[in-house]
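When the chains are written out, they are named A, B, C, D and E in that same order, and each has its own residue count from 1.
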Amino acid sequence: MLDARTVLTVGDLELDVELAVGDGEVVALLGPNGAGKTTVVRALAGLAPLEAGHVRVDDRTLDDPSRGTFVPPEARPVAVVFQDHLLFPRMSVLENVAFGLRSRGVRRHEARDAARAWLDRVGLADRTSDRPAQLSGGQAQRVALARALVTEPRLLLLDEPLAALDATTRLQVRSELRRHLDGLSGARLLVTHDPVDALVLADRLVVLERGRVTQSGTPAEVAARPASRFVADLVGLNLLHGAAAGEHLVRLPAGGELVVAEPPPAGPLALAIRPQAVALHRTAPEGSPRNAWQATVVEVEGSGDRVRVTLGGSVPLTAEITAASAAALGVVPGERGWATVKAVDVDVYPS
Amino acid sequence: ALPALTGACGGGEAGDADELVVLAAASLTDAFGELGEVFEDQRGVAVTFSFGGSSSLREQILEGSPADVFASASPGPMADLVEAGAVGDPVTFATNRLQIVVPAGNPGGVRDLGDLARDELLVGRCAPEVPCGEVARRVLEEAGVDAAPDTEEPDVRALLVKVAEGELDAGLVYVTDVRSAGDRVEGIDLDEAGATTDYQMAVVAGSARSGLASEFVSLVRSRRGQQVLQSYGFSEP
Amino acid sequence: MNPSAPPPRREVRHRAPLVLVAPALLALGFLLLPLVGLLQRAPWSDLGPLLGEPIVTDALRLSVLSATAATVLSLAVGVPLAWLLARVPFRGRSVVRALVLLPMVLPPVVGGAALLFALGRRGLVGEPLHEATGFLLPYSTWGVVAANAFVAMPFLVVTVESGLRGADRRLEDAAATLGAGRWTVLRRVTLPGALPAVLAGAALCWARALGEFGATVTFAGNLQGRTQTLPLAVYLALESDREAAIALSLVLVAASLAVLIPLRDRWMR
Amino acid sequence: MNPSAPPPRREVRHRAPLVLVAPALLALGFLLLPLVGLLQRAPWSDLGPLLGEPIVTDALRLSVLSATAATVLSLAVGVPLAWLLARVPFRGRSVVRALVLLPMVLPPVVGGAALLFALGRRGLVGEPLHEATGFLLPYSTWGVVAANAFVAMPFLVVTVESGLRGADRRLEDAAATLGAGRWTVLRRVTLPGALPAVLAGAALCWARALGEFGATVTFAGNLQGRTQTLPLAVYLALESDREAAIALSLVLVAASLAVLIPLRDRWMR
Amino acid sequence: MLDARTVLTVGDLELDVELAVGDGEVVALLGPNGAGKTTVVRALAGLAPLEAGHVRVDDRTLDDPSRGTFVPPEARPVAVVFQDHLLFPRMSVLENVAFGLRSRGVRRHEARDAARAWLDRVGLADRTSDRPAQLSGGQAQRVALARALVTEPRLLLLDEPLAALDATTRLQVRSELRRHLDGLSGARLLVTHDPVDALVLADRLVVLERGRVTQSGTPAEVAARPASRFVADLVGLNLLHGAAAGEHLVRLPAGGELVVAEPPPAGPLALAIRPQAVALHRTAPEGSPRNAWQATVVEVEGSGDRVRVTLGGSVPLTAEITAASAAALGVVPGERGWATVKAVDVDVYPS
């Protein structure tokens, strides 16, 4: 169980993050580059001493300036997967993975067996005798992962542990990791930029921006009601801001208006709209959708059999349609057309 | 504090007309320093000394480093140079006597050569390869003392330091060395004959100023020169 | 590294383990105890007047100058040599690498003699040089510099080479893909990375040169104001006045501290 | 690094730029020319019989032994000291760092004298030691080792320290998070990374010790088979028979090459 | 224009890759970890000499063992973004970016201005004076990107240049990059693990596996007809292998059979099925779908408002359904149910 408030300054970033991770819980720490995620990890591991606040694991205080307590990294029950791997270049892959157990006093051959088992799990059984310099980026990252996981710590800190993995390996390692995490009793913190990683692996998300926590909750909550552009982009939702302008009406800064299902609360509002809920038409549509407006195609991004269309104009949105209908409609940047959204598809909440 | 060092003072490049370059054994530092001043007063010519171990001086001359006079603490290096035709005829200008040197207060209670054989004492002398060691060996043989030394110093200086520090109870060095070591050591005269070595000097072949050079040699051999030398403990040849 | 970045508010003291501290202190004691002994024996009263003596100031000036010159020289040619040994594979490299150490192995007097064989008036290079230009190294301050460089350069070369080996080759690769030639790479990427080694090498080289005695006296002679460095003065002082000798050594020590402390302080962080 | 990994089939020669090669060759010439001179003067005919003489074999054996012992000693205590200087911040660290260099600056004879002041029969530590145990460093082979270590250890310390500074601290952090104490970190992560520096330091230390002369003679004296190292023998030979002296120096040179070439060959890749 | 055949051996990987990239073309190099992507990049940059083959840029031969030609890296008109950044630690961020221009002889202040401009584009205008050690992972990667792009080379090699970027920055940098790439006249090679990056940025995909090219073509082609499990995973398609077993029938190794629209060609077949085309039912369905079978739910992965359901059994597939219907059907691992696929949704082609 982790209970921490990390207050420290690196460069001109003033970090102040409260974190609580229960036993067996996996918390994903998300945030823009430079938000302070790695710094939090370093602080929890004891590599960056706190200026204020505290770090407690299983009610043991590891760092607390006010009380002058500081437990050095080597004495903490933690393990870290570093963003840049930091494998030991002069050791073989096997020695790297066995290192944690060895330096915690496990006998050589036991440590090596455990290490081998883990290297096998991450699909590197055949690279045990190589040096890190002989590994590819993704292989190195998997070794780093194995090196941390093999020590079964009370607090596991994973800093973008899957960033360098290819699609297939990622699927395998991710479910491998998930299975392992489910098995662990300690607290786990996962730093990632990949929403899928977060959604698949984490029980709870904590969003860090400019050194502060801006949102936290279950994946569903966060995904449904993003509090910031960052989260919206992350989960691929459209996020608009506006204010109530009538019983069922919300006015946007850009000038556009949207009809919504329930009467909107007063004050500044956030509107979340799934790209799939935005339909496109060549001509002004008739029928059910309560919101319809003319829009200009700004950008078209294809992925697989779906196409994401970025729309400009009074209601800046991204629509997601099938490649087929995109072709049918002839959607190309610069084109003008009509966009519609059902009132029920506009999710309104205070921001 | 430094009579020796205040002596010579360098002029322009080695080889100037008004400068005499003298390579001399380190043990002559003080005496020659004084004589250098005398020479300058008399002849108005600067004397530049380069003091060092006789053997490194020999190397310099053999390798053609410009010099006018060479004064050696022993016949050996001089002989090499004569053989190589690098110097003119050498003359013996002084001798140096061997003395037993003991730390101030003579903790070992050493009285004569015989005591050097005492096992409980730490005794040092020069290595047989160097003049003072060669003489020491001779003297001890003649005196019939077989004193296995605890160290055979290649260099009088090293030996003196040890005695002065009380690291040795006795050693055999030259009178001049005992004097220079000041009051931290005492010297005990030997009555044995042949406890002496010859200091030789010669004009370096191809010296640009052989005239001046031989004048310096004769100054050293003059009454005045001998007085100065004796004031530092050397004896007449 | 970056002045704008504030130092961590809180310096956390890790306790240093005894298994390391104990031997370290042992080493320190062993190296410093003799100096203490030296200080004990020092004639503090004479120290003041001594420093006034022209012969001392001459020798001190000459020592510092020649040691510095030798170090600069060594840097200028020694760093490239180190680079060659560290980066350019050629046959017999390991032999050359060992040969570079030899000037350290030779007894100083022999080293000096060897220098005479090479650069003396009758020397391999010295003779033609002398005949062509009339220039003569022995007895000249340049001779002292040469002797110092000969004895001290190996320390620089070996240390810098090890530094270059330690450097990360991948950074050099990156620099190359950005169009940097090997010279630029060395200057802007490798050397800055190996700075600690270069500084250590320079310090070793300078200190060794400052203390050089045997080779200098044999090769360059012992002429006050021209080739008489402080160690030579000490050697002569030992003849006549051992107090003065100790005092002079302390001057040497003080001089080196005066240079080394600020230097390494400035760079070694 | 990894035996199983085959070397690239094709060694591509980058041309080394003249701006680097020229000075490098200059340095090499400067360092090796004197040796050539030495070889020229060498009495090859006497070399054979000379090597048979017990005085030479004794001296050679003693030199190699004491130099090696001094190096081992220096590694044992010097590496921890280097670590202390490189990793543990304490007040006056920069002073200590400079003090470590002093044994290099002292003229050998003075260094030897200083050792006597400290470890001699009447020395600060020597006297109590002698009275308690009757053990006496001077005139014993251990005295030679002590003198060698005193003169040579600084080279090791400084070189290794620079190596440790060059090492990547983040790797040490990573090791710490895996539960490794500072000793383990040093042994398994830092030192392996700084290996080139450690080897360079050891080589410097060994070579310097092998050539050591002044301090040894002043502190330990000179007695065949017990304290007479090869440099001492050379010095003495120089007095009587310079041919022999040169020959002996060559023996010294050969011995050091015989040790250094394979050693650095083995590790320095 | 790049025309290369890189043949070399690293460790026990024997690499033999033919690559042709036209002027102005962007080719994405995709492949599993350890496939040899980075090695190809190193070979093209001249950091790993070829054993055979050739590297030609604009008809200038840079490497050709048979002719003994080898142009060292610094003399090649290339720029590389390295997978592990490799920023110069002793230089400021600005000096890092200016380095390429400086060492190509551009005057200091010009170089710095260009560098500043690029740092601005990647959103790091305020970090110019920092050292790399003071940057976060994502910031470092953007600096590396800027450092390479500022020297407009004839051959640009990008090795996973966006892996460490957060969602928002990624969108910005990606379109920034795209705009820049469109502007360049040289040949560009992009190594990535992110299908979206590939689809958005690349004109053509080359798939590398175990040192060999296994597939190449336009994103659409590759996405539609994956030749390997890797590509299928990459574009999120189901890929099955089988053989014709009747006029409209394909038999799968696992034993299952699928009805297909057109008569299948003879020989080994590949079947691609979009997860969205797989419907799930509690009970045996009636009606149009020609393929219906009982399946067991193996794994359920939720992302946003969609859920991917991995099915076991004789026809191992992944189905994608809305979170809503997933809830309605009560899809949980271990459950058994019915799956259906329309014949027309099964795309058959020789493998």
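Here is the rule we use: a residue touches a chain if its C-beta (ideal position, glycine included) is under 8 Å from a C-beta of that chain, and two chains touch if they have at least 3 such contacts.
Model, not experiment: these values are computed from the prediction.
Just to be sure I understand the contacts, which chains border both chain D and chain B?
Chains touching both chain B and chain D: C.
Please identify the chain with the largest separation between its CA centroid and the CA centroid of chain E.
When every chain centre is compared against chain E, the largest gap points to B.
Could you tell me which pair, C-E or B-C, is linked by more C-beta pairs in contact?
Taking the two pairs in turn, the one with more contacts turns out to be B-C.
So the centre of each chain is just the mean of its C-alpha atoms; given that, what is the distance between chain A and chain E in Å?
That gives a centre separation of 21 Å.
Measure off the straight-line distance from the CA centroid of chain B to the CA centroid of chain E, and report it in whole Å.
A distance of 87 Å separates the two centres.
In whole angstrom, what separates the CA-based centres of chain A and chain C?
About 55 Å, centre to centre.
What are the residue numbers in chain C that touch two or more other chains?
Residues 4-5, 14, 109, 113, 116-117, 123, 181-182, 193, 214, 235, 238 of chain C touch two or more partner chains.
Counting only residues that touch at least two other chains, what does the list for chain E look like?
Touching at least two other chains: 10-11, 72, 84, 130, 134.
Please set out, as single numbers or ranges, the residues of chain B touching at least two other chains.
55-56, 59, 157, 161
Which residues, counting only chain C, touch chain B once they are in their complex?
Going by the criterion above, the answer is residues 46, 49-50, 53-56, 109, 112-113, 116-117, 120-123, 136, 138-140, 214, 217-218, 221-228, 233, 235-244.
Going by the contact rule set out above, which residues of chain A touch chain E in the complex?
Residues of chain A touching chain E: 10-11, 31-35, 37-38, 83-84, 130, 134-139, 142, 160, 163-171, 175, 193, 195-196, 199-200, 219, 223, 229-230, 233-237, 274, 276, 299, 301-305.
For the complex, which residues does chain D have touching chain C?
Residues 11, 14, 16-17, 19-24, 26-28, 30-38, 40-41, 74, 76-78, 80-81, 83-84, 87-89, 94-111, 113-119, 123-125, 149-150, 153-155, 157-159, 161-163, 165-167, 181-183, 186, 193-194, 196-197, 199-201, 203-204, 207-208, 210-211, 213-214, 231, 234-235, 238, 245-246, 249, 252-253, 256-257, 260-261, 264-265, 268.
Applying the document's contact rule, which stretches of chain D touch chain A when the two form their complex?
The touching residues are 1-2, 4-5, 170-171, 173-182, 184-185, 188-189, 192-193, 195.
What residues on chain E touch chain C, complex-wise?
Listed in rising order, the residues are 45-47, 72-74, 76, 78-80, 82, 84, 86, 88-91, 99-100, 103-104, 129-131, 133-134, 147, 151.
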